[in-house]
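Residue numbering begins at 1 within each chain, and the chains themselves are lettered A, B, C, D and E in the order written.
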Amino acid sequence: MPVEILVIPLIVALACALPIGALARPLAVLGGLIVAADAAAGLWLGYGVSSPMDPAIGSILGADGFSGAMLVLTGVLFATGAAASTGVRSPRGYFALWSLLQVTVSGVFLARDLVLFFIFWEAMLVPLALLMWLWGGADRRAATFRFVLYTMTGSALFLIGIIALGVGAGTFSIPALAGYRLSEGSQIAFAVLFLAAFAVKLPLFPFHGWLPRAYAAAPLPVALVLSGIVAKTAVYGIARICVPLFPLGMSDLAPGLVALAAVGTLYGALLATRQCDTRGLIAFSSLSHLNLIGLAAVLGTVEAARAVIVASVSHGLVVAALFLLAGMLASRTGSSAFATGGLAARAPVLAMFTTFAIVAAIGVPGTSGFAGEFLVLASAYVRFPGAGLVATLVVIVAAVYGVRFLRATFFGAGAARGDDLSRRERAILIPLFVLILVVGLAPWTLTDSVRLVTAQTAELHR
Amino acid sequence: MPTQAYLLLGALLFSLGTLGVVLRTNALAMLISVELMLNAVNVTFVAAAREFGDLDGQVIAFFVIAVAAAEVAVGLAIVIDLARRKRSLDVDEASELRG
Amino acid sequence: MTLALVVAFPLAAAILIALAGGRLGRRTTGVVASLAIFLSFGAAASMIATMLSRPLIEARIGPWLPIAGADFALVVDSSMLAVTLTITGVSALISVYSIGYLAHDRGTQRYFAALDLFVAAMLLIVLASNLALLFAGWELVGLCSYLLIGHVRERPAAGAAAVRAFVVSRVGDAAFLGGILLIATSFHTLDLAQIAGVAIEHGNMGTDPLVVASALLLVGALAKSAQFPLHVWLPDAMEGPTPVSALIQAATMVTGGVVLLMRMRSALAPDVLQAAAIIGGFTALGAALVAMGQRDLRRVLAWSTISQVGLMFVAAGLGAVFAARFHLISHALFKATLLLGSGSVVHAASDELDIGRLGGLGRRMRWTAGAFAVGTLALAALPPVSGFFSNEGIAAAALAESEPFLLGLALVTSFISAFYAARLFVLVFVARPTVEREVHESSVVMVIPIAILAAGALVFGGLVSSGVLPIGSGRADEAPISIVAISFAIALAGFSLGWLTYRHGLERARPVEEVTGRLANGFGVDWVYRVTFEQPFTAIARELDTGAERANQLAIDGLVLLVRASSTLVRRVQAGYVSRYEILLIGGAVALLAYWNWSAR
Amino acid sequence: MTAEQGIFAIAGGICVASAANAVLRRDPLVSALSLTVTLASLAVIYLGLGAPLLAGVQIAVFAGPVMVLLVFVVMLVGAGRIEAPRVGRPPIGGAAILVSVALFAVLASVILRGTVPTLVADRPSATDRVGALGELLFGKYLLGLEVTGILLLAALIAAVVIVKKRSSDRERSG
Amino acid sequence: MTTADAAAIAPVAALAFGACLIVAIDLLGKLGSRASASLGAIVALGAAVIAVAVGPGAPGFGAMVARDGVAVFFVALIGTVTAAVLVLGAGYVTRDDLPPGEVVALLLFSAAGAALMASANDLLILFLGLELLSLPLYVLAGLHRARIHGDEGALTYFLLGASASAVLLYGTALLYAATAQTTFTGLGRSTHNSLYLAGLALVLGGLAFKAALVPFHTWAPDAYESARTPVTAQMAVVAKVAAFAALLRVIAATSYGEAALDWQVSLAALAAMTIVIADLSALGQRRVKRLLAYSSVSHAGYVAIALAAAGAAAGPTIAFYLAVYAALTIGAFGVLTLLPNDDPTLDDLAGLARRRPVLVGALGVFLFGLTGVPPTAGFIAKLYVFEAAARGQLLWLVALGVLASVVSAAYYLRVLLACFAPPRLDAIAPGRARVGTAVVVVAAVVVLAVGLLPGPLLDAARTVRF
């Protein structure tokens, strides 16, 4: 299963070199869906799950349940984002870069070799930066620079760590390195170097300096995948590389990381209550959610791994819906600022859909947001009840920013303009909502398939 | 005379050459200083060759003289070209090439 | 599986209505919604027979979260079945009433969807077999209250009230969630029966984290049940449509806390239960005092709800589960009567809410007045209406647990309750109207539910007290005749005093109003809430935004500036001076020479 | 004092003095002339070192045509162009002198501490030295000779390119 | 002259005689600029082919000229690069009515000098090669019509270059005084005489100048900017390759045996200074060539890291790095040759993306490659360097290099993004030079191909051993 997941979007990217014009978008959507279906089949039908590290191309590419879940999400989000990329300038270039981004993101989830992982990890930046810069909004110049330099600095430290570790151990293979014995001190040092990249890309509080501007300036579908799946590569890196490779180091670092993540969870939510436009709101609420996911990712227990998967998929779906809705709102009001008010009367379906997305975002039971949040917190309480309690406060703050946004946008006197959602817009959103409910009501569909992997993770942790 | 005395003479001449190169700002004066440095090298070669009693050092000195002549030719061509365009040979004059 | 249907009917109706959109038609929507709740009621009723042979009915529907015990699973015993019947029955009537009340509303679809979801969520609180599912209901109840309070989105006050209700509710949710997770960490399961089993086996939860967990659960209960100090949302919540208030206060939301205390009784730390009782007692008295001074018809009822639920807390905290349940049900009946009645009044009097400007409606709205009278008597705890019996049960429980202090509180509360109940009824229905207006009785679809509820409120207490109608396990503490007499005397005194004071209208009772009006601001708790919660919250958020976040951004800019500055500095070397370049060249050579000469050996 | 020592003392002294003069004087013409003196005195030193052929080449090539060319150019581009004193630019004289002095100090230390290995070799007699030199040039150092030839050719072509460029410039401007 | 002599010198001779031939033909009948450039390219490529075809074997001229893997690889690289430069320069020479035959000949002479340096096994030959490399470049650097700074740059380059040659030569003299010979083989057998050490230090200084390592780099920005772009490419690649090949040989000669020397400290210091200063200097540049000049200085620093870490064993690493660097630099400068303005600022690139998307795509590949972003070959090259450094216990240099790469991203990215700025009204549409575009595209493909499949080039680089 791994190879075609890389090849399909690559073909789409290459096809964009041909004069296919208007076909580029459907092709990209199709590419995403095929990958999602393929990964889902692999995930649930069991090939690729049967052995935790299923070798496909030699020992460098492979998928397990964790990456399978992430690959499904990758396919879904890239299809969604492509579907939402209507009316872009130079569509062929856009979708070529878009599909290349999909290749690199999928590659990160498939790499079983540190160097290959880094190659995909760093290559991700290229299409991402170009998409942000060339198709971005007003602040794209500064935002892109900041994003690229910030993340590259993190990656630079990561690369140092990779080289030092690989040279010392004589191999770059992740499964092989997992069995490599390191002293506690060097585990801490390597974990810190590796985490530099992951903490920036996640972003873990307080390394989120690039985030607000990048989310605001990136074209909407790019912001969608940036938050929905690119950030998950960092989660994946923490959970699948740092923890198995440096169990002792991560265990020593966990209190500090958990504290940062807990603070970041609250911090993001508190700042979200101050935002006056949808992009800012999504940016900081994402910061909050991603820190919460990061909190679980550093723990390294079976429960935490399950929580991370559910919460990651959930956040990906929810943030996709939020970004799509933000775009739809902006197209109706003309700006992403949300002090317009009274839209509910003119666009009841839009109001309903937005309310549902917010409800999922703030973690009301039944939606995937709750499942992820609950599992993350449950795994955190086992070792860090104090930090868990602090993070639990986010329930309150999330309510504040959620209803504040809904009130500002939909309540009040009737708005002058704004049509209700079109059929096409609903068609993009409804599948996401269905998935949000499915994950919210049956998160075991995701976690059951990763039992093997998490068991192995736990073993390594001991 | 001990060979070291000649070597010291060479070192002194070489250092004087570098002094000219770093101190002077006239292109011709700098060229002259470079020639001085090359000659300092030749003293060293010849003195060492005498110490060893072979002729390799002298042969190398011939090559150095030839190379120095070639350098002077090219250098002077560049200097003349520059002098023709710009009424100064001061290499430290406000330059477009900076930063 | 019948048990599952109890929840499934309203849930399915909610989904159906939400998906169907406007295609269903306004009236059909209401009928479907009501029908679903009636079906749920019927399903619950059909289990009564089964209940006679089995102590518990369980239904495991499927797995949910990958945590021990966190499945879709329901359980019911006879006590909770009684509560279920109350909830579904009262909600169904409210739903029917809503059809009439919202006959001209544009948003009936989302109203009825939320209403059905609300009922389903409340049923989850009552029936969930584990804490995760219970919490799901707990949160959904908060969400639905938000949606319903803010139903009329054009009104700014409704929006503000909805936000406040949701946020305060979420304060409780956060605490509740913390409590659940602490329990899960200690017990390794979320199944209520298993938790209770372990808790009973090892004595009560005495260890520190479990005391904390119990306290957190209590905070959750306080918020949901609008008890001090988390009651601030309830008076505001009256901004929603009146049936919504009835739903929140009578049938569903506010009783959630009481239900929780009852269901978790064996697992909660004794000190925390004690605290619940004391808080309940104080809340009951304080809210009653505040209710005395209210001029807004619906706010009187809101504060009275806080007060009455406080009494339930006293009972539940003391362990008098039966008394608490008895009062819960009886309160549900009479408070629904009162609120729906008040809705009819408001409807009739063209949205006039000031009781000082109403009056004399008794003759024009006979049905409503009659029902309201029953409710008033129940609120005043006068026989033979149900409120008398349930109040008496609470007093008896306080006595039985030898809590003279709480007994005193309860008795004083009942005196004041009787006083303002009389005030309310007299001013609205009896006293001479200050403003003449054309009023008429509400439509049949609104009157019938009120009548049914009033009838229930009238006979329920007697039926239960005489043992004819079972409401689950346990039984009332045997009230000594002295207590019955004293409480009756106190209620009667309060009621008479109120009647006499206000029988000629508000103007004539001005001296009394001077005194009670001072209490109307709720002891300034609202202000305290703003100063200690809302303002610090916004201040912290603002400080983080302008302080920490700015600093974070500036730090990056600073780093960039530092690199730029060093770039400028370095580039000054390349100033175009050839002699400087020569110095670098020769200097570099000298450095290499020196190093190789002296260091490299 | 042997003849060699005498030559070294006198010629060396002249050599250093004129070199210093060449380096330190502001007028490039003076520098050029002083350098000629240095080159000539170096030829004398080569004589003292037993390298008469080299001394001849030094005079015939270096001190002769090269210096004539140099002086010619100096006069062509303006002998009077005396270096202006440094105005408005950072003073670097101190640093310059420091670098040169440091260089000499390090080199002196190197030379005084170092040893020139004494090799036992048969000293060729003065008579067959020229022949031996020729043998070396066309034997061992044949490649060097060829490369030097190419180098001179390249220098020639380079000069031509500059000249052609000048003429094309003139056409353009004229 | 023996066969071994002939085989050893064949590529150099081919280049030199090719140059003479072109001048001669040009004298007899006017050779057009395109024709002379094509002829020159054939000669250069021929020299590369000869080098590979002859292959490694016995040294020539009494071991003065080596014919080992090092020589073959680097001579082939020099020949190929020179051919590419000549192709890029084909349309260039005519633009200013320069004598095309002579200019091509000068480029070939400089390539001959570089090839000689890369295979020199004797300090004198090294010096002569260096002069043969430099003298033509001094003149070519000044071929900027009607721009004074062309001459200025040439003069700066000449004066500094002559001083540096003198330094190298003085080092040779000291080594001769210490060992009585000038061959590298002789160097290895020496003892730790202070004259010997001082001589090596000065030789290192002289070669560091050609390689443009800080603080011997100051000529590079000025000369690169004032030279015509193809000549700049020649300076940036050929001179650097030759200098590093020579340095590798010197290090190899002195790293074994009882008198083995430790080059690590001085090379590491040079590398660190180079990377930091060059990247910082490049940051604020608006002129693209100057920016690329600093970039090439910085890359010299990365090569020096490998040399510092692995010494003579760094051969394969630096060979790989230099080959990749050659492709990247030729490509980047190649794109510039296709612009109307010879010394463009970032603003002059505005609108290029719309007019010449292929060119900008290729430029993107080169710039990402120079930054070291995967999947370009630039990443693999840097990875090998860092790996070598890590093996050599120079983790601090790895850290420095990696972080400097981040800083370098800032300026490379600016160049690329400048191409996407909205076009200015007065910008002239760049002409279409098919051959130049082809070279650029080929370079881009090479960069990507090597990045994805580094195997073949790595195998070739592994032959760079002694």
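Heads up, the rule we're going with is that contacts are C-beta pairs under 8 Å (C-beta built on N, C-alpha and C of every residue); 3 or more make two chains touch, one makes a residue touch a chain.
This one's a predicted model, so the numbers in the text were calculated from it and none came from an experiment.
In terms of the stated touch criterion, the partners common to chain D and chain E are B, C, listed by label.
Chain centroids computed from C-alpha atoms place A closest to the centre of all protein C-alpha atoms shown.
By C-beta contact pairs, the most connected chain pair is B-D. With centres taken as mean Cα positions, chain B sits 65 Å from chain A.
Rounded to whole angstrom, the centroid-to-centroid distance between chain B and chain E, based on C-alpha atoms, equals 26 Å. Averaged C-alpha coordinates give centres for chain C and chain D that are 101 Å from one another. Our note on geometry: chain A versus chain D, Cα centroid distance of 70 Å, whole angstroms.
Each of the following residues of chain C touches two or more other chains: 571, 574, 576-580, 582-583, 586-587, 589, 593, 597. Annotation for chain A: residues touching 2 or more other chains are 149. Counting partner chains per residue, chain D has residues 89, 92, 95-96, 99-100, 103, 106-107, 109-111, 113, 116-117, 119, 140-141, 144, 148, 151, 154-155, 158-159, 162, 165 touching two or more of them.
The complete set of chain-chain contacts reads A-C, A-E, B-C, B-D, B-E, C-D, C-E, D-E.
Residue ranges of chain E in contact with chain D, taken from their complex: 1, 5, 9, 16, 19-20, 23, 61-62, 64-65, 96-99, 102-103, 105-106, 109, 112, 116, 124-125, 128-129, 131-132, 135-136, 138-140, 142-143, 145-146, 174, 177-180, 193-198.
Per the touch definition, chain E reaches chain B in the complex via residues 124, 127-128, 131, 135, 138-139, 142, 148-149, 151-156, 158-159, 162-163, 165-166, 169-170, 172-174, 176-177, 180-182, 221-222, 225-226, 281, 284-285, 290. Per the touch definition, chain D reaches chain E in the complex via residues 106-107, 109-111, 113-117, 119, 140-144, 147-148, 150-151, 153-155, 157-162, 164-165, 168-169, 172. Chain D meets chain C in the complex at residues 89-90, 92, 95-96, 99-100, 102-103, 106-107, 109-110, 113. For chain A in complex with chain E, the touching residues are 93, 115, 118-120, 122-123, 125-126, 129-130, 133-134, 141, 144-145, 148-149, 152-153, 156-157, 159-160, 163-164, 166-168.
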